[in-house]
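Got a structure for you, questions after.
Chains here go by letter, A, B, C and D, matching the order in which they are written, and residues are numbered from 1 within each.
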Amino acid sequence: MMKNHPLHHGECIEVKQIGLACRLDKENALELTGKIIEYFMKKDVKLVLENRIAQRFQRFLPKKDLRQMNKLQMKAIISVGGDGTILRVAQNLPRKNPVPVFGINLGDSVGFLDECDLDSDNLYDVLDKLINNEYYTERTMRLATYHRQSRFPDALNEIYIVSAKPSKVLHVNITIDGEFFTLAHVDGLIISTTVGSTAYSLSAGGALLDPRLQLIQIVPVNPFARTSIRPIIVPATSQIEIELIRPKLNALIVIDGQHDYRIYPKNIIRIQKSDSDFEFIRLSPNFHGNFYNKLQKKILVGLNLPEDSPEE
Amino acid sequence: MMKNHPLHHGECIEVKQIGLACRLDKENALELTGKIIEYFMKKDVKLVLENRIAQRFQRFLPKKDLRQMNKLQMKAIISVGGDGTILRVAQNLPRKNPVPVFGINLGDSVGFLDECDLDSDNLYDVLDKLINNEYYTERTMRLATYHRQSRFPDALNEIYIVSAKPSKVLHVNITIDGEFFTLAHVDGLIISTTVGSTAYSLSAGGALLDPRLQLIQIVPVNPFARTSIRPIIVPATSQIEIELIRPKLNALIVIDGQHDYRIYPKNIIRIQKSDSDFEFIRLSPNFHGNFYNKLQKKILVGLNLPEDSPEE
Amino acid sequence: MMKNHPLHHGECIEVKQIGLACRLDKENALELTGKIIEYFMKKDVKLVLENRIAQRFQRFLPKKDLRQMNKLQMKAIISVGGDGTILRVAQNLPRKNPVPVFGINLGDSVGFLDECDLDSDNLYDVLDKLINNEYYTERTMRLATYHRQSRFPDALNEIYIVSAKPSKVLHVNITIDGEFFTLAHVDGLIISTTVGSTAYSLSAGGALLDPRLQLIQIVPVNPFARTSIRPIIVPATSQIEIELIRPKLNALIVIDGQHDYRIYPKNIIRIQKSDSDFEFIRLSPNFHGNFYNKLQKKILVGLNLPEDSPEE
Amino acid sequence: MMKNHPLHHGECIEVKQIGLACRLDKENALELTGKIIEYFMKKDVKLVLENRIAQRFQRFLPKKDLRQMNKLQMKAIISVGGDGTILRVAQNLPRKNPVPVFGINLGDSVGFLDECDLDSDNLYDVLDKLINNEYYTERTMRLATYHRQSRFPDALNEIYIVSAKPSKVLHVNITIDGEFFTLAHVDGLIISTTVGSTAYSLSAGGALLDPRLQLIQIVPVNPFARTSIRPIIVPATSQIEIELIRPKLNALIVIDGQHDYRIYPKNIIRIQKSDSDFEFIRLSPNFHGNFYNKLQKKILVGLNLPEDSPEE
C-alpha cells in the first residue's frame, strides 16, 4: 500500500507551491494556520489558501478551492485539524492524481492519518523539512463504489452502508468475486481499506491491519444476535457486491463519514479498489514503524498495569 | 416482573370481549386472522376488530382503534404477527391499565414476545384456552422517558438513543442515581428492560436477563475503539440521566423501534421504571421455563455439534 | 448485597483486636505493613500478625494463622496488597462469620475489592478511622459450589470451570433452576457474583453489575464460533447445575483464582448462593457511589477524547 | 497461499501408493476406512496403512508410520476423521515435502480442512477421482516457532501461547518486525495462519481470512478488561517475537491443539512463516469458492430469518 518515494533533495529546480486547508470551527486550528502562513511568508514559500479560510488571513495571498489547487504545480496541501479535516480535503480534491496531503494534528485529537502531532513535534522543524524537501510520500489505495452507471466518491477509510431507519435491520446479500458470502442481518456494513482499520471499522470489531498490506475488510455492524457473521478480510483485488433485499427499507451510503447517498431495495452496490491512489507526506521512511508508534499512543492505551508476580 | 394471575375458572359472569389486531402487509397474517374470526364467531365470542383491518373482514363486526378498545370490557387483544406487531399494539394502547395482549406468531418470525407459535401450537386449542379462561397473565415493567416537561411513550423492550448523523459519534454523559457513570463516545446507547434483553440489546452485546428479574440494562452501541465502556445492569428503581454533549450533533430517541423523537445538544433525557406495567397472556404458569425454551429455540441455535472425544 | 452497619461510635467498651495480613513478595507491601505496625503500636492498638509475615516484624507481637484469628474478638483484618491478597485472606478465613476485611491497596494495582488506595488516601487518616470506629461494613454474597457430597470453598468473585487441556473445548450442559439453558462448547465458564463483575468476568465479556443488586452472572469463555451462547444473569436464589459431557476431557474448577479442583466427565457441579456472606470495611456509607468512582478510575479509562464538533 | 497444480492426467507411468490414516476412537471412522480399503483392493490400488490402524484390518497390507510413509512414492495420505485427525497426521509427517493429505470428513464434524464430506459427497466417486488423478493440490503456508536454538513443530492452524495457570493472566511483550506492538495482559495469544482463521482464532474474536491471502493473524484471548488490544493482521513475511514478562508465571505453547511445550519467564518465542508448505488434495480448482461454500455450511449458520418488510 505504501511506496517509498525517492528523497527530492536538490532535484527541484522549480519551486512548487504549498496549499493550506484548515478546519474553521476551532480557534486553535485557525491560530496555528496563522503561524504557518507567517513562517512560510518569512521563508518566501509560495502559498495558496483554500477559499473558505482566505478571508480570515492575509488578503493578498492567492486563494483557490481544492479542485483548482490541484491543477497548479503543488508540492503538498497542508491540512490543519484532525482526521475529519483530512477526509474532507481528500473528498474535495479531484480523484485523479490528487496533490499529496500533509496532515498537522492539533494534538488534542486522536487522528491517525496526520503526520505531525503538535503534542510531540516542533512546528517549525516540521515546516522546514517540507520546505527543504526532506520528506517521503506514502501511497495508499482507496475504494471505489459503483451503483449502476454512477460512481460515488472514493473512500480513503471506509464505505458505510447503514439502514435508513435506526433500529430497522438491513438484510443484505454479500458476494465476493462472484461467490456468495452471506445474507447478513445487520444495522450496517463497513467496507474498509487497510488505512481505515484504525477508524470506524475498529469500533465495530474489525481487526487492525498492518500498513504494509493492501486489503479490504468487511465488518458487520451489530449483526442480528442469531447470525454468526464475522469481519472478513479479502484481497485488494476483490469485487464486492452488496444487494439490499429487505422490502421497503432504504439504506444510506456514507463515504469516509463525509457524504451520504441513498439507495433502495433491490439496488446492488459494487465496491472495488479505486484506479487512483492517495498520497500522504511522511517525515520518516519507516511507515510501518510509524503505524505501530501511533497504535501505542492512540489506540492501545489503558491503565499502566503493574508487572507483578502472580504468587498471590 | 411476573405475577401469576389466578385462573379465572368459572368466575366470569359477564363475557368479556376479545380484540383483534394484525399486521397488514403479510398475506398469511391476514389469512390467519380470518380463521380466528370465523372460529370465534362460531363459538359466539364477542369480537372487536382494530379499525385498520376491519374493511378486510366481516363488515358487521364492531371496529375500534386500540385506544377506544381499551375502554371496553376486554379480556385480551390478540396480536397476529411478530414482535413488531406486538410492539405497535403496545404503543397504541393507553399507558394506564392496557388490556393484556396475546401474541400469535406466524411461525416464520423470531418473535420473543408472543405466546403462541403456529409452528408448534395448534390454533384452535390455543383459542379454546383463551375462551375458557385457561390462561395466566405475566406482568412486565416498562421504561418511561422524560425530557423536560414532556414524556415519551413507554418502552417495553428498549429506548435507543442514536446519533442523528450516521458515522458521527455521539458524546453522552451517563449518570445513574446521581452518580456519574461515564462519558461515552458511541454510535448509540440502548436502555433496555429485562424483556428487551433478547431484542436489540442482544445484537449490541448486552447480557441475557432471566425474566424473574426486574432490571435495567444500558448497552453502548459501537463504543469508540479507545474507550472501555461495557454493558451495565442497574436496579429497576434507578434514575438514568443521559446528556448529549457534542456540539451541533443531534440524536434520535427510538422507542421500541416504533417512534422517533429528536433531541439536541445539552438536552438531558431521564429514564426510569414506568408507573404502568404491561401484561401478556400466557398459557403456562412457568414463565421462567417458557423463557429458557424460547432461548433454545430462537437464540441459542447453531450447528448441531457432535459430542466427540478430544483424543485426536 | 450491602448492609449499612450502624456507626460504632462510643459503644465499644472492649477494645477489639486488629489482624494484619500482607503479600510477601513485594517490598513496598512489607514496608507499608511495617509502618502500620509502628503506628498501631504507638496508638496502643491490639495487633495480631498473620503467621507467615510474623518473622519479618516485631517478634513479641502475637501471631496466628487466619483461621485462628477468626476465633478472637477481632474488629477487622487489614489486607495489604491487591485483590489477590484479599482473595487469599478470604479463602483462608473460616466460612462462617468471617472477620471483616479492610483492604489497603498499594496504589500500583488495579484492585476493586480494597477500600483504601494509597495513591489517593492518607494512610494515617485511614488508620485513625479504623481505630475510632468511624467505618461501615458492606456485606456481599458469595457462591457455594457443590460436587456430590463435597463442597468447595466459597467464591467472592467467581468460580471458573476450565478445560484441563488448553485448546480442547469443553462441552457442558447448563441448567438453571431445573430448566435447561444450553449445551455450551467453550474453553471455560465463569459463574460470577455481583462483586466479581469487575474481575475475570469482565475480561470474558460479562456485563458490569451495580453493587446494589444481588445477582449471579454466567459468562462463556471463548464460545466455539458457531454457537451463540451469551452472558446470562440469573437471580441470586438460582441453582445452577453444570455437567461435563465431553468424553475423556476433564475440567478444573478455580475458585477466586486461588484453588484448583479437578472434575471428570459426567460430573455435575451445583452452584448457588452461599449461606455465609462476606464483609468489607468501608470508610463511606455510599457503597454505590464508591463503585462508580472506582469504575471511572480503574475500568473506564482511555484516551482523553476531545469534545469537538462534528462539522468536519 | 494456494497453487493450482496441473491435472495429472495420463502422465503417471508409475502408479503411486496411497496411505491411509484414521481416528481410532470412532466406530464409524473405522467402518468407513474398511470400505475404502475394500474398494481400493478391488481396484488394485497400492495401499499403505498407518501402523496404529493396521491390526484392525487386512493383515497382509503394508503398514508404516507416517514418517516412513513419506519416504515412499506416495500420491496422497487419506485422513478419515475430522480436523483433529488431519492435524495429527500433519504433525507426524516430516516437515520437509510432506505427502499431500486428503481429508475425508465423517459428516458429523465441523471440519474445515477436509475435502470430502460424506454428508454431501459420494464416497466411491471421490475415491475414483483420486485413483484417476482427477484432482488438484492446494498449497498452504505453515508457521514455524523458534525458541533459542530449538524449533517446535510447524503449525497449520495456529500457535497458542497460554498461561500455565488458569486465571493467572499472562503479560507478554509483542514485537512485529522489530517494532514494539504492545504489552498484552491476556489469558493467551493465538498466532494463526490464513487457514487457521476458521479455527480457534475465530472463537477468540479473530477475523475470517480469504484463502487467497497469505497472512498471519495475532488474536488476544480474553484481554484484561482495561486494555484495548485487538486482533491484528500482519504480512506473512513478518517476524513476530513474544516475550513472557510476568515473574514466576510460565506459559504453554500449543501447536495445532496437538503438542504442548512449556516456556518460562523472560523466554522469547519467535514465530515466522515456515520454509515448508503443506499440501491438501482438492477435487475442484476453485479453492476460493470452496471456502465460501464451507463458510456458509459450517460457520455462518443461524436461524432461517424471514425476509419480511419493516413496516411494523
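Assume a contact is a pair of C-beta atoms (placed from the backbone, for glycine too) under 8 Å apart; a residue touches a chain by one contact, two chains touch by 3 or more.
Computed from a predicted model, the values in this text were never measured in an experiment.
Asks: In how few steps can one go from chain B to chain D if every step must land on a touching chain?
Replies: Minimum number of steps from chain B to chain D: 1.
Asks: Counting C-beta pairs in contact, does C-D beat B-C or the other way around?
Replies: Contact tally favours B-C.
Asks: If more than half of the interface residue numbers appear on both sides, call it same; otherwise different. Which is it for chain A and chain D?
Replies: Over half shared, hence same.
Asks: Express in whole angstrom the distance between the two chain centres, defined as the mean CA positions of chain A and chain C.
Replies: Computed from C-alpha means, the inter-chain centre distance equals 46 Å.
Asks: Quick one: report the Å distance separating chain B from chain C, using the average Cα coordinate of each chain.
Replies: 37
Asks: Let me have the rounded angstrom distance from the C-alpha centre of chain C over to the C-alpha centre of chain D, please.
Replies: 41
Asks: Would you please write down the residue numbers of chain C that are in contact with two or more other chains?
Replies: Correct list: 110, 168-169, 202, 224-226, 228, 230, 298-299, 301-303, 305, 308-311.
Asks: Thinking of each chain as a vertex joined to the chains it touches, would you call that graph a line, ring, star, complete, or other?
Replies: complete
Asks: Can you check the complex and tell me which residues of chain A touch chain D?
Replies: Per the stated touch rule, the residues are 165, 168-169, 171, 176-177, 179-182, 185, 202, 205-210, 212-213, 215, 217, 224, 226-235, 238, 245-249, 288-289, 292-293, 295-296, 299-303, 305, 307-311.
Asks: In the complex formed with chain D, which residues of chain C make contact?
Replies: Touch list, chain C to chain D: 110, 160, 162, 166-169, 187-188, 198, 200, 202-204, 221-226, 228, 252, 254, 257, 260, 298-299, 301-302.
Asks: Help me check something: in the complex, which residues belonging to chain D touch chain B?
Replies: 23-26, 81-82, 84-85, 88, 108-110, 225-226, 228, 230, 298, 301-303, 305-306, 308-312
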